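Please read the structure below before turning to the comments.
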Amino acid sequence: MSTKFGGVIPPVVTPLTADHELDRASFKRSIDRMINAGVNGLFIMGSSGEVVFSTDKRREEIISAAIEFVDGRVPVLVGCIDTETNRVIEHAKVAQRLGAAAIVATAPFYALGGVAEIERHFRLIHEAVGLPLFAYDIPVCVHTKLPGDLLLKLGKDGILTGVKDSSNDDVSFRFLVDDNNKAGHPLTLLTGQEVVVDGAYMAGADGSVPGLANVEATGYTRMWKAFQEKDWETVRAEQNKLSAIMRIVTVPTGVQGYGAGVGAFKTAMALLGVFDTNQMPEPVLALKGENIRAIAEVLTSCGLTLARTPEEVEASTR
Amino acid sequence: MSTKFGGVIPPVVTPLTADHELDRASFKRSIDRMINAGVNGLFIMGSSGEVVFSTDKRREEIISAAIEFVDGRVPVLVGCIDTETNRVIEHAKVAQRLGAAAIVATAPFYALGGVAEIERHFRLIHEAVGLPLFAYDIPVCVHTKLPGDLLLKLGKDGILTGVKDSSNDDVSFRFLVDDNNKAGHPLTLLTGQEVVVDGAYMAGADGSVPGLANVEATGYTRMWKAFQEKDWETVRAEQNKLSAIMRIVTVPTGVQGYGAGVGAFKTAMALLGVFDTNQMPEPVLALKGENIRAIAEVLTSCGLTLARTPEEVEASTR
Amino acid sequence: MSTKFGGVIPPVVTPLTADHELDRASFKRSIDRMINAGVNGLFIMGSSGEVVFSTDKRREEIISAAIEFVDGRVPVLVGCIDTETNRVIEHAKVAQRLGAAAIVATAPFYALGGVAEIERHFRLIHEAVGLPLFAYDIPVCVHTKLPGDLLLKLGKDGILTGVKDSSNDDVSFRFLVDDNNKAGHPLTLLTGQEVVVDGAYMAGADGSVPGLANVEATGYTRMWKAFQEKDWETVRAEQNKLSAIMRIVTVPTGVQGYGAGVGAFKTAMALLGVFDTNQMPEPVLALKGENIRAIAEVLTSCGLTLARTPEEVEASTR
Amino acid sequence: MSTKFGGVIPPVVTPLTADHELDRASFKRSIDRMINAGVNGLFIMGSSGEVVFSTDKRREEIISAAIEFVDGRVPVLVGCIDTETNRVIEHAKVAQRLGAAAIVATAPFYALGGVAEIERHFRLIHEAVGLPLFAYDIPVCVHTKLPGDLLLKLGKDGILTGVKDSSNDDVSFRFLVDDNNKAGHPLTLLTGQEVVVDGAYMAGADGSVPGLANVEATGYTRMWKAFQEKDWETVRAEQNKLSAIMRIVTVPTGVQGYGAGVGAFKTAMALLGVFDTNQMPEPVLALKGENIRAIAEVLTSCGLTLARTPEEVEASTR
């Protein structure tokens, strides 16, 4: 497959120290671990990379550190997530200056609009910054589903390089894959799911952007390799193991959304010794007590070896 | 696989005459065609079987005809779709009297409620009617997503026999399949999708309920057989062909929802000579003109042979 | 004001015996009480009249009883709430046969459609049944907001007599009132709210359909009279008192939607001695214990005298 | 009424030059016009002040200009709208440095969370910046409805000074007003509606934040005065006139959301000679042709005198 940005491209989770600073040592450790597992690229400043929680200064700090740590080993895609066009373009210019291989932008959000505004939004970003541009389809956050025919049109016009699909609308994704193939494959189509990557590969996705790869990347790279070799039983077996690990996000109680999802990733990474803390960005609190223990149990039941106890992880954010 | 209601169980589309009567001849023709194609069961009175458009008398007429035409060759599941418990139970008793092998019910709708009411709803239906009971998860129609843990609990308690999942939430479906397997497979899990059945099979679904099988059933039965034999490249190839045919539902313009979706199925079946008309239930109008021609084009581009011209189909509802 | 169906037209709550039969004695008591309070009409088989919970037989029983008890003293509007056109028309014919003064229908629900289907739906109902027809705008139940321009068009064409607005979209309602006035007032516009009736009167509504009038009707009839006399300080004072009573629907905990809302009405009516029980239709459970006590407290703090203790009410459904 | 920030506080629309720079002359003209009309304060950087379209630099430029032009005549509230806590705090510190009298913040958006995160969000903003803090309840933009009991709790704890309610949920607003009165009026409650301000005043609102006041402020200040004097017929008459003018936002066709709403305000202000152009921020296009003419017609039919022709306004953005 000749797709430039294909394969496994994890959205990189950002580690914090107990006092909410960027934890550079943990960040390097995690990035090295994923690259060593054979990922094909890294997507920083995605939704799970706490882009919308970070000030502009913090965003720049994270991008710089990531690009330094990656050191050219894989392409770095940078999320430029903000409400409307001019704010996104500012982030895109920073990303370009710091060495991004590609940028990733959502539909405009907060203000209400229509398809015409979305189209103009992507065209203006492309015009302002020459880098490859991915559309990030994430209606659960921006409350707009990017229409497949618009995405394809922007692909054919050379505005969009690809799509990161986090819509959990597999029917639309399937139709987009088919249309993209018919049109000569102008778009690189990446699924943002963790537990139905096997289905996306069956449909013909060009790769995946699984947050869970921060916790366990080797399963995703093995699954990608098996897909390339049409070894579907291995694809299926790897997906099954990964889906079992993904249950870390469903076991926390008394917390919802980002605090449960990315909170579980960070907690698992702290338990595995990759991150020093499971600290979360304000106003979200780190997972505690029973929730940490439940995540530890999922990990050990999946055969992963913990480097630290739940109590040690809980103490890490104090 | 020992699942009693597994395999391909199409939701049967109901044919109408031009003057809105049940078209028994077309109905028999369609049922025979699907059974001859090797389907494992038939689901009548589903969303695409115009259950909510039909008066109680019409519902009874459709159920009786279907059970007569099927004549015991495959099990007949009957949708008992209505707003709240007592109305559903009335339909269930009719279905039982007429010979249904199983009944299918959604969450309550119209009045607002919570999970406690949904649970009690299914328990009361089960208590009133001894037949196997499927939960129909279709949030786009009833505006409630059935929680996976409730479904599993009702399965373990012997209340539910299975689930027809039309939620287009493949992540939740995947988790449900895994949990169901861990619990000893109390539930038969059927996907209601047409174009991502391959992914559902990878996840471990027990079967599929594809509306498109009314138009072309042999692809689905071949896909099911290939899945049983773990012949994934054939699964994929069949799904690709079926997804191409499914584009009949995306080509109509100026019409949305049921009129476009089931309207396209009926129009395709009329073009293929299975149905005599493409008539729709009030207040929905039959597809016309350019929309019929666009569907005809999809069918022929997929290698299907038309028995009638678009003009003949258009004339059929006059 | 010459509006035929104007003024206070409560949506009548339906009393049940402990074993879920229609409680005719309580029903008569409640209807007499509201008519004696000076209401201008009664709307039976509305959302809070448990229309969607009732079988066809039960619906007919309720309508017959209501029309018998009202005995021509005020017009009786009858809700004909069902999923699609032909089912609604069946209910409408029953209502007509039993003596309804007008019928009330929502947009189609369950199956997806567009504005064209909604328009045809109302036209077909009107064609089938000659009675005055009200559109019931209740997006929280049917998940479609009736567009103001469609309502006005149907009013001008003589299809619709009026609108019961339960959309909680006061901006749209305001615009509809203005447009209706400009067009010569073809529609009778009734607000379905309880606590912002004062604002609806300021906007120029022709009346109100407040569920709370089942609990306390005299406040609403005094407010209507004050509005007719442009005595706005009295309108305001009455609304304030009624809003305080309406807090009965916000105090229940551990229950939501219909069980909390209509459950609170029924519980209040049982505490006040109007209903014999606070029984709810399946699958909803009657309010109990602390929730009954909280409602009793709201009522007494508003100066209402209880006829029964919370314990007596709780015992009523056993 | 002793409420510090009560009365009419328009959300100030931001004028742009044809080439998307801040149009300082138009901005001064508009601010002077509203202050001369007797408004009680100004809210800059609200949703209609294009806060989410503006880069940080542009935001600072707008705030500085507004505070310079207002010159202490009325208090200036500054919207600090951004996705999550730390980004909002940065904006709040800028607003404080530039002389804001109060700041206005929404619930966090984009990332998913719960009530605990919303509460912590407002507490952290209050801790970081000593200024009076208003919660901005605008679910149509942030997709979270601020719960009334949380708002009241934060009011009683001295975290929130008030609420700008743009939820179009008048029932909840009514209950909040009542609860706030019972609690000793810790919160200043402002309605963000244009056409149901009369109802909000009846309910007991402390003031209004009507975008339409940018077009016509004197009606709103007269309505406020009449409300203070309990002259409800004048309140009603003024509201009727203003609602008629507000139809400028419903006449544009082929455009939706911000482009229609704020687009209509800017176009009306350009027609009235207050703004030099009707330019919109990227990616939104200025209204053109027929849409400008339709707005002009609404204005003249309401008795307003145009300073420029539709053609002149259309030429202004070229």
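Worth a mention:
For clarity, chains are labelled A, B, C and D in written order, and residue numbers in each chain start from 1.
Following the convention adopted for this analysis, a contact is a pair of C-beta atoms (placed from the backbone, for glycine too) under 8 Å apart; a residue touches a chain by one contact, two chains touch by 3 or more.
All values reported here derive from a predicted model rather than from experimental measurement.
Taking only C-alpha atoms, you rotate chain A by 180 degrees to land it on chain B; that is to the nearest 5. Averaging C-alpha coordinates per chain places the centre of chain C 35 Å away from that of chain D.
Centroid to centroid, with C-alpha atoms defining each point, chain A and chain C lie 49 Å apart. Shown for chain C are the residues in touch with two or more other chains, of which there are none.
If touching chains are joined by edges, the resulting network of the protein chains shown is one closed cycle, each chain touching exactly two neighbours.
Across the assembly, chains come into contact as A-B, A-D, B-C, C-D.
Residues 47, 52-56, 58, 81-87, 90, 108-114, 116-118, 120-121, 124, 140-143, 255-259, 281-285 of chain B are the ones touching chain C in the complex. Every residue of chain C that touches chain D in the complex is listed here, in rising order: 168-171, 174-175, 178, 193-196, 198-200, 202-203, 230, 232-233, 235-236, 239-240, 243-244, 247, 250.
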